[in-house]
Each structure stands twice: as structure tokens, then as C-alpha cells.
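Multiple structures follow.
In the two assemblies presented below, subunit A is common to both, partnered first by subunit B and then by subunit C.
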Partner chain A sequence: MSVPADVSLQAVQAELPLLLAYADSAGLAVDVTTLAEDNLRFFIRFQNANHEPFYVEFDCREYPLHPPTVEFVNENRSERGLKQLYPQGFHGTPCICMRYNRKAYSERGGPHADWRLLDWRLPTGNGIAIDGLPLMVSDLDSKIRDSSGRMS
Partner chain B sequence: MKTDQMPLVYITNEVAQDTARLLDSFARTRPSEGVVYWFGIEDRSAAVVTTLVVPNADTTGGSIATTPEVNAEAMGVIVGTSLVYLGQAHSHPGPHVKHSCFDDAHTFARFDGAISVVVPWFGRYGLSLDECGIYRHMDGRFREVRNVASHLHIIPGFADFRSIDPKD
Partner chain C sequence: MNTNQQEKSDKNSEHSDKDKTVRLRIQTPRGLWSMDEPKDAQKRPRYPISTKVERVIEDARSVFKFVEQDSKYTLLRGNEKLEPQRTLASYKVEDGTLLVLSVQGGNA
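And now, the complex of A and B:
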């Protein structure tokens, strides 16, 4: 089963107002200028505890049936998924090891064989369900904001 | 009140996790700490958290500020009931769960015996005692509790031993 690109785009756009409001209050820079049916990606610049910038790509193909692929990239987006692009404190794969990241699932090469992509909205343990883009951004922001330095 | 005279506070896991969810709700539109007041029933040896109250706190700066009016409104919930104010839980943005000087000075529940729980990561990952900072107001100030089991217990709120899902 695949999700038509226009459906994914509509789902992302529906969540953008809350996401942008959160980003504005948190001082995050969101770039949705290239977001389109044929390019379901947007980017956010976060800052760690030392105000060092980190850039994250949200690839929303198949969203919301499946979670986005959330990956650290460099500023000009020519490199992605390298340890030096990750803040300290993330899974050493390297990977944002959360249910909301497609890359975390073993079927996508990630460490979690115990999760199913279709269940990505489930809470983990006693936690709340991180089931939408604004919460993903909030979760990533708190983790990056707490870290200092790079993975390598 | 001496430490050994303070009632052991009990909270069900369900109410504890509801606390965490309410704390997280403060951080949904901006990176903000949150606070939940704990009310319940108390006798000399034990207290049970039964009721959660979220004050209309000002969190625009990312931390919690309450006014006497806001706290009076919160306290109004227990008027005419047998409930007493037991303490509070508040959240911090990251993994750090130390009471700050601001927390010491501005926590509303500043009376001996009051319990104050600091929940990491905005409460987003639930409330687990071994990840929280547990403080109790003793001898006029908040002190970090080392022997948590003497001060706060999470107990089951329900159990269901059926092997078949009743919804099936």
C-alpha cells in the first residue's frame, strides 16, 4: 500500500500551522519552500546547548500511513546520515531512534525489529504517543537542546 | 514535622502517568515546563494522591509562574471535600531533575511534608520514580529524598488477569 503524494502533502500542510507556531516559540528555523507533491521534504535548523546549529530533514513520503524519515543533514543538504552531522546523545547507528522515524525500523535498516511501521503512533512504555509532526519537532528540539558537541 | 512522622505518599500508576501527560501538555505549543498539583487523602502515616489540578500558570517564559489568584482558584477544588494539598509535580525540559533555586523559592507547596517531584523531558516519556527528582519539604526547606521508598510509592490502579480480551 502506498499513499498518494497529494494525500501526504495535504497531511503535512494540515500540521504545519502548529509546527510553525512551536518552531517560532522555540527559535527554530523551518524551511518549507521546496515542499511539494514531488518533493515531500522540509527542513528545520535546531541548536544544541552551545548554540551550534544542526539541520534535520523530514522526508514525508508515505506520511501519515508511515512515519517520516527523519535525518540529520548538512547545511546545504548535500550530505545526510553521517555521524558528524549528529549531535551527541543519539543512537550510534547513527539514527534518531524513535517510533516516529522510519530509519529506526529494522525493515529500513534500523535497530528496531520489535516495532512495526504501521504502529508508529503507539506510545513507547509509559510515554505519550508522539503521533504528529509538531510533537516530533518538540521532542527533537528538547533532545538537541540538551546535548553538546557532535557524535564524531 | 520530623522525617519519620511524614506520611508516605501513594499514587497509582494511572494517576502518575496522567500527571506526566498533563505536564507534557504544557510543552505542545512551546518548549515549556509544566506543573500539576497533587491533592488527596491523608492521615498520620499515609497519603494517597487522588486528584490532579493544573493551575492556570503563566508559562510564556518557558518556566512556571503562578499568582496568588491562580493558586487560590486551584485550591478551590478541594473546598468542602476531605482532600488536602499534598504537593506537586513539575517538568524540566531535559534529563536534569535537580530542584533549582527558583524551584525552591517559588514552588507553591512550601510547607513541611509537601512533596515535589521533578519529571524529566517535559513528562513526555512518563513518570518513573528512578528518573525523577524527589524532594520533600523538611525543616523549612526542600531537601532531595535519598530513600524514595520512605516518601513516595507508585501502586497499581487496577489489574486484569483475564486471558481473553473482553473486547473480542
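And now, the complex of A and C:
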């Protein structure tokens, strides 16, 4: 089953006002300038405890049936998924090992064969159920703020 | 002003500072909590400045139904993390200040 791109775009756009309000309040820079039906991606710049910037891509194809693929990229987005692009404290795959990240599922090479994509809104571990983009942003921001340095 | 008047004035000043309240705006991943948002909120973010940060976190959680105890909830002012046991006064939080409730989920 696939989700038409226009449906995914509408779903993302519906969550953008809250996401942007949260990000703005938290000092995060969001770039949605290239978000479109044929490019369902947006980017956010976070900062760790040492004010070092980290850049994350949200690839929202198949959203909201499936979670986005959430990946660390470099500033000009020419590299992605490398350990040096990750903050310390994340899964060494490397991967943002949360149900809200499609990359964490084994079908995408991630460590979790025990998770079903359709259950992506369930809690990871004992934490809160992260069921939308603003909560994903808050979770990531909190973890990156708590970290210092890079994975490698 | 004689000495007695000065002492009385100082005491009044302390008293008024202690009772001073601030109205906050708290942005959460589920919406803004303010004096008029959300419309159906059971409480509003108006606090004596002697209030501890942890109380504000508890209230913001209850308004937006962040019920999970195992998640990590932090109040931020810009890049500054506010310690739960400290008071709003200790951070010199002013009327109208925008704070952020940061919510961290679990780990796999």
C-alpha cells in the first residue's frame, strides 16, 4: 500500500504550524522551502550542549501511514547517515532508533525486525507515544541538547 | 524618612516581591499554553514568582495530557534549561516570558 504524494504533503502541511511554532520557540531553524509533492523533505538545524549544529532531514514519503525517514545530514545535504554527522548518544548503526524513524526498521536496514511500520505511533520503550512531527522534533531536540561531541 | 519608615518600606517591598505574579506562555509540542489558549484549559499559567519550575512543568503536562511518567520533561528559556527545584524568581522570569516544554520519549 502506498500513500499518494499529495496526501503526504497535506498531512505534513497540516502539522507544520505547530511544528514551526515549537521550533521557533526552541531556537531551531526549519527549512521547508523545498517541500513539495515531488520532494517530501524538510530540514531542521539543532544544536548540542556545546552549541554545535546538527542537521536533520525528514523524508515524509508514505507519511502518515508510515513514519518519516529521519536522518542526520551535513549542512549542504550532500552527505547523510554518516557517524560523523551524528551526535554522541545515538544508536551506533548509526540510526535514530525510535519507532518514528523508518530507518530503524529492519526492512530499511535498521536493527528492529520486531517493529511493524504500521505501529509507528506506539511508545518506544517506556516513553511517551510520539505520534506526530512536533513531538518528533521535541524528542530529537531534547536528546541532541543533552549530548556533546560527535559519534566519530 | 526616619528609620522606622525605612524598615516598613523595605518590608512592604519584600512582601510585594514575594507576592508578585507572572503570566507565562508555554510552547509545547501539543500547542501553546497561555492566558487564553487552549480555550478549554482548566488552568492558566499565572504564578507567584516563588513557584518552583517543577510545578509549572506539572501543570503544562496536565493541560496537554502528557501523562507518561517515564518520559523526560524539561522547561527551557531559549537555550537555558530551568532546574525543576529552583523558583521562577531565581531565574528572574518576567511577565509574558515564553518558555518551552521539551518532551523526550523513550529509547529503544
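Everything below uses one rule, namely that the second predicted complex is superposed on the first by the 150 of 152 C-alpha atoms of A that agree within 3 Å, B and C clash if a C-alpha of one lies under 4 Å from a C-alpha of the other, contacts with A are read in each partner's own complex, and residues count from 1 in each chain.
One rule holds for everything that comes next: a contact is a pair of C-beta atoms (placed from the backbone, for glycine too) under 8 Å apart; a residue touches a chain by one contact, two chains touch by 3 or more.
Source: prediction; values computed, not measured.
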item: Combined model on subunit A where subunit B meets subunit C, clash or fit; value: clash
item: Contacts of A:Cys60 with subunit B and subunit C, given as first, second, both or neither; value: neither
item: First (subunit B), second (subunit C), both or neither touched by A:Val137; value: second
item: Contact breadth on subunit A, by residue count: subunit C or subunit B; value: C
item: Touching partner for A:Leu18 - first (subunit B), second (subunit C), both, neither; value: both
item: Which superposed partner A:Val30 touches (first subunit B, second subunit C, both, neither); value: neither
item: First (subunit B), second (subunit C), both or neither touched by A:Gln47; value: second
item: A:Val73 touches, of subunit B and subunit C: first, second, both or neither?; value: neither
item: Partner chain(s) touched by A:Ala104 [first = subunit B, second = subunit C, both, neither]; value: second
item: Touched partner set for A:His91, first subunit B, second subunit C, both or neither; value: second
item: Subunit C clash site on subunit B (candidates 1-9, 37-45, 55-63 or 73-81); value: 55-63
item: Residues on subunit A lying within both footprints (that of subunit B and that of subunit C); value: 18, 21-22, 25-26, 124-128, 130, 134-135, 138-139, 141-143, 145
item: In the complex with subunit C, residue positions of subunit A that touch it; value: 18, 21-22, 25-27, 47, 51, 91, 97-99, 104, 111-112, 123-130, 132, 134-135, 137-139, 141-143, 145
item: Subunit A contact footprint on subunit C (complex, rising order); value: 27-32, 66, 68, 70-72, 74, 76, 78-79, 81, 98, 100, 102-108
item: Complex contact set, residues of subunit B against subunit A; value: 13, 17, 20-21, 24, 27-31, 93-95, 121-128
item: List of subunit A residues in touch with subunit B within their complex; value: 18, 21-22, 25-26, 124-128, 130, 134-135, 138-139, 141-143, 145-146
